[in-house]
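Right, one structure below, let's go through it.
Chain naming follows the written order as A, B, C and D, and within any one chain the residues start at number 1.
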Amino acid sequence: MADKFTIGVLTSGGDAPGMNAAIRAVVRTALANNMDVVGIKHGYEGLLNGEFNSMGPRDVGGILQRGGTVLLTSRSKHFIEPSGQRDAIRKLNGGGIDALIIIGGEGSMNGAYALSQQDVKVIGIPASIDNDIWGTSIAIGTDTAMNTIMDAVDKLRDTASSHQRAFLVETMGRNSGYLAVMAAIVCGAEVTLIPEVPVTVEEVALAIEDAYKRSKTHAIIINAEGSGIRTTELAEKIDKMDVGFTTRMTILGHIQRGGSPTAYDRLLASRMGVKAVEALVEGNHGVMTGLKGKGIDFVPLLDVITNKRKVNLEYYHMAKVLAR
Amino acid sequence: MADKFTIGVLTSGGDAPGMNAAIRAVVRTALANNMDVVGIKHGYEGLLNGEFNSMGPRDVGGILQRGGTVLLTSRSKHFIEPSGQRDAIRKLNGGGIDALIIIGGEGSMNGAYALSQQDVKVIGIPASIDNDIWGTSIAIGTDTAMNTIMDAVDKLRDTASSHQRAFLVETMGRNSGYLAVMAAIVCGAEVTLIPEVPVTVEEVALAIEDAYKRSKTHAIIINAEGSGIRTTELAEKIDKMDVGFTTRMTILGHIQRGGSPTAYDRLLASRMGVKAVEALVEGNHGVMTGLKGKGIDFVPLLDVITNKRKVNLEYYHMAKVLAR
Amino acid sequence: MADKFTIGVLTSGGDAPGMNAAIRAVVRTALANNMDVVGIKHGYEGLLNGEFNSMGPRDVGGILQRGGTVLLTSRSKHFIEPSGQRDAIRKLNGGGIDALIIIGGEGSMNGAYALSQQDVKVIGIPASIDNDIWGTSIAIGTDTAMNTIMDAVDKLRDTASSHQRAFLVETMGRNSGYLAVMAAIVCGAEVTLIPEVPVTVEEVALAIEDAYKRSKTHAIIINAEGSGIRTTELAEKIDKMDVGFTTRMTILGHIQRGGSPTAYDRLLASRMGVKAVEALVEGNHGVMTGLKGKGIDFVPLLDVITNKRKVNLEYYHMAKVLAR
Amino acid sequence: MADKFTIGVLTSGGDAPGMNAAIRAVVRTALANNMDVVGIKHGYEGLLNGEFNSMGPRDVGGILQRGGTVLLTSRSKHFIEPSGQRDAIRKLNGGGIDALIIIGGEGSMNGAYALSQQDVKVIGIPASIDNDIWGTSIAIGTDTAMNTIMDAVDKLRDTASSHQRAFLVETMGRNSGYLAVMAAIVCGAEVTLIPEVPVTVEEVALAIEDAYKRSKTHAIIINAEGSGIRTTELAEKIDKMDVGFTTRMTILGHIQRGGSPTAYDRLLASRMGVKAVEALVEGNHGVMTGLKGKGIDFVPLLDVITNKRKVNLEYYHMAKVLAR
């Protein structure tokens, strides 16, 4: 009697809200297709250590609404090397794992591709609050992060209006301005600093002063982590200039990674989890699930790791017009 | 010297979170294009009464995050008749309004089409928490309503797990099961009742009992308002059967229409508001903005009102698989 | 060598947000005092079944923010009888449990008193979203429930203002109007129906009409579950009268029991958990922790179960004045 | 015929959630007592500029749930001087204002006392997210700020558990550790830095390392703004030591001042607003409303400004025990 087809599932890299919803969808869809699922803890590191646990339908009960990932993640130096990947394959074989679903960001997809080149059946699921992964219009976790930023800035607007202040808000986004630009639109920010569009402190100061002259009751400045100007420096310098408003600073940090996932992220993660298992059922692999239009598509992992996602500057300009 | 091109904007029908974000985008984009904007209060009724106010950039300050609509809405019996529409056109001409942007649901688009047939330049913007408008993959307000339902059900899950209970939750959706089905996926509901798929009370009871047998700690049943079985009746009948769980009822009602719009709804509303004005700049009208794939498209109003949006039953089945 | 003093802890009756914070405080304070803790699952029923688990400091990690109770609750018919209580004591002795901390509502304190009469060292901690327990100015969970009601009504206000509607909102409160009256103040409700103050449908209708005449944009009516008029009936009857506003109904149900506890409830629960253990350290028992002024006091369990908490009608009248 | 007794109301200093609820209570209670109310914009500065507006019951409609203050606030240099206060009294007389209700923090109460010494009938209402005002067990706004901090830290806990990290969170609290200490209890923080208890970076590092050794999945460090160690410095230094966890930083900033007020703050503000007017009705003045036990008391303004509120270090130690 042959064993059931067994899927291993792991989460890797920076965690993103909705990872648990994807895990749940993988487990329950696999079971509906008469497959087994093995949860691998601590990402690639746990794969190398053989941290395997069989997962039944009740093991993913009550995790849909949880931030973070019940499988935990970590970084692995050993896995990056060919010898690490060879050890990983040995562990997969030892654990009777026939295919691997990897939920994570850009770096995780590199690992996924490397394994797929060694004949491991791999499906990637993109999860990243920065939305910096090529091949999907949006990644799991981005919508939740956006709402977290927005809720914070909405609170600033309350108090900003009382006091006529300019608020500097640092968002995540080391390489990509996506989060900052979209946040600027939904928060009504006057100025946005992103890695893709270099600006000077003087230009920022002028834009704030302009908002003051246009009788705005406050100004919101969104600064992506990787913009090139540190928020603490920006605050100090602007404070010394006379721009009309006094300035205050908020650095959101990792609260952007947490929180219960939004409906959008739960739905996206559920759909991608279902599709990932369906791909394996149909014999498809070496691909990542990607949102394209309304549907979930499959994108070759090679394309994912060789292309760079670019922020759409149309939105950058839209933010400016809408904040007039 | 000719006057500036003047756009009238109104909100109509049931209100939806994000309407204010759309109004803001219309006003600020129009000003960036050197056009004037007149806000019309109380929808078509206010149009007939000439409730017109010029809107400048500061008039839409601080409304981005507000639920409801600052322009208010109402129902108008007179406007439905040809004589009403003739009066409306007279008022538009009297007010120097060159084009009209109508933000609302399915019924509002009927009025928009009627005016467009009388040579009024009209652009529709779809806003409906039910997501029942043909021509856009999603309408403004749906994402917020979905998150409101989800937040409520998440609270039920806390207490359901403590007590082994089945919860009946009534959502909106008189003609469309969209909201209920999507809520079922993101809330992890065991059973969903929608207008499109008739079920009996006995079938619902069996599904709850089945969840009990599968060792689920609780069961969530989502009942769309228009499913054909009233929630109060369903609760009473199920309570008399022995399904393992005891049952409790929540009727969400109009809290689903309120709340600060989500990032998704603010972004969608902003993009549609921008596009609506751009359409007028380019001489386009008689259309509704619609989300198609990643982009905002224009759909003829005639198509909008003659086609019926259907819920995708693939999601209905997905909800069942994911709740196993 | 003597064993350590061992505290058993259980949650009983309807669950309330903050119960987990109290459990955490009991466990960690006990450990700091060199005592052991045994968690008893499923309340008195689990006590009778010997569902005992030793609890270390890591077992209460990550539960502070969770709604519901990790120890679960249930109702026990057997425990109400003397023979049940005798069996419970036998189980306590068999499990080496020297004292019992019981977190729950009014009914749970009856059980606590009964055990204390049989020489069991018992401390009660009041938890009830209804705030209907004598001896504490507020119980654990009430603040969270209040905020849940308030958030829901705030959403109604958004849409109410757009449409000129009256909203009927049913809150919990079978025997006590506390939650409904306080909600009325913090939500700005025009009318409140509570068990303690009988009113007729006609009086409610008149009050709504009066709000309409005073140019209010909407009216909020809070109906406590135990007011004597069912919300469904009230909605139907008022809809047939002409009161100016049209009416809509929301039944909140058990969402009021769920949700992550507020800061107030976490603090109250933490303080009470600490004090309960300190009482045992000092040899005190047969009492319930109660908030009195700023401090946590001890109230004899006999007083708790023989006195009835009354709602302060001063607040009932304040709600009316503030909604003018 | 004599004019009605007229109350002026203003908000001053840093804004706090709930100020609007207090304004609403003042206006509606005054009207119920047949008094008139004049709203004074921009605090003492607006008083000097005569920014007076008569306020009717509908002028405070829909403000109960809003953060910030509809009357706005500002700082006034002129008012601090005796000549400024003389000018203020002249303006009050000119505006027909018989008494003044001042909603604000510690500094605002100094101004209130100064005016009361010049025979102006003044009532103070304490509002401060820092809870640093003597004479009330809690000020308006503190509960909302606490919940804002808690919600942020809850999000960190999600991601902290995934990654084994230590999070440094900067809260407000220039002179008072109240907010930080209470936040530590409700957030489950391992370490708290407050102005009242000096610690070294090394001590903080040791405490984090200790949490790591005790197998905690993460560590939360709360740093009050005025603790003496800047958060950016703390992060840099700890990062260079080997404490087991890697560190990340969040600076909440002014989001702690914003947000819709909690139920607790709305209730407290409503009660204080009612009591302030009742005091004037009864001929009482020169006092501040203060929460004492369950009731609202009156405290002489002289006592308020000559005493210093101290943080209760019992809570500081409780936070440590509960985080074990």
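Criterion: a contact is a pair of C-beta atoms (placed from the backbone, for glycine too) under 8 Å apart; a residue touches a chain by one contact, two chains touch by 3 or more.
Nothing here was measured: the structure is a model prediction, and the numbers come from that model.
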Message = Centroid of subunit A to centroid of subunit B, CA atoms only: how many Å?
response = 28
Request  = Can you check how far apart subunit B and subunit D are, centre to centre, with Cα atoms defining each centre and the answer in Å?
outcome  = 39
Remark   = Distance in whole angstrom between the CA centres of subunit B and subunit C is 36
Message = Using the touch definition from the top, which residues of subunit B touch two or more other chains?
response = 154, 157, 161
Request  = If every chain is a node and every touching pair an edge, decide which shape results: line, ring, star, complete or other.
outcome  = ring
Complete list of chain pairs which touch one another = A-B, A-D, B-C, C-D
Complex contact set, residues of subunit A against subunit B = 24-25, 28-29, 31-32, 57-58, 61-62, 64-65, 137, 143, 146-147, 149-150, 154, 157, 161, 182-183, 185-188, 214-217, 260, 262-264, 266-267, 270-271, 274, 292-294, 318, 321-324
Complex interface listing, subunit D residues touching subunit A = 11, 14-15, 17, 66-69, 72-74, 148, 152-165, 167, 232, 248-259
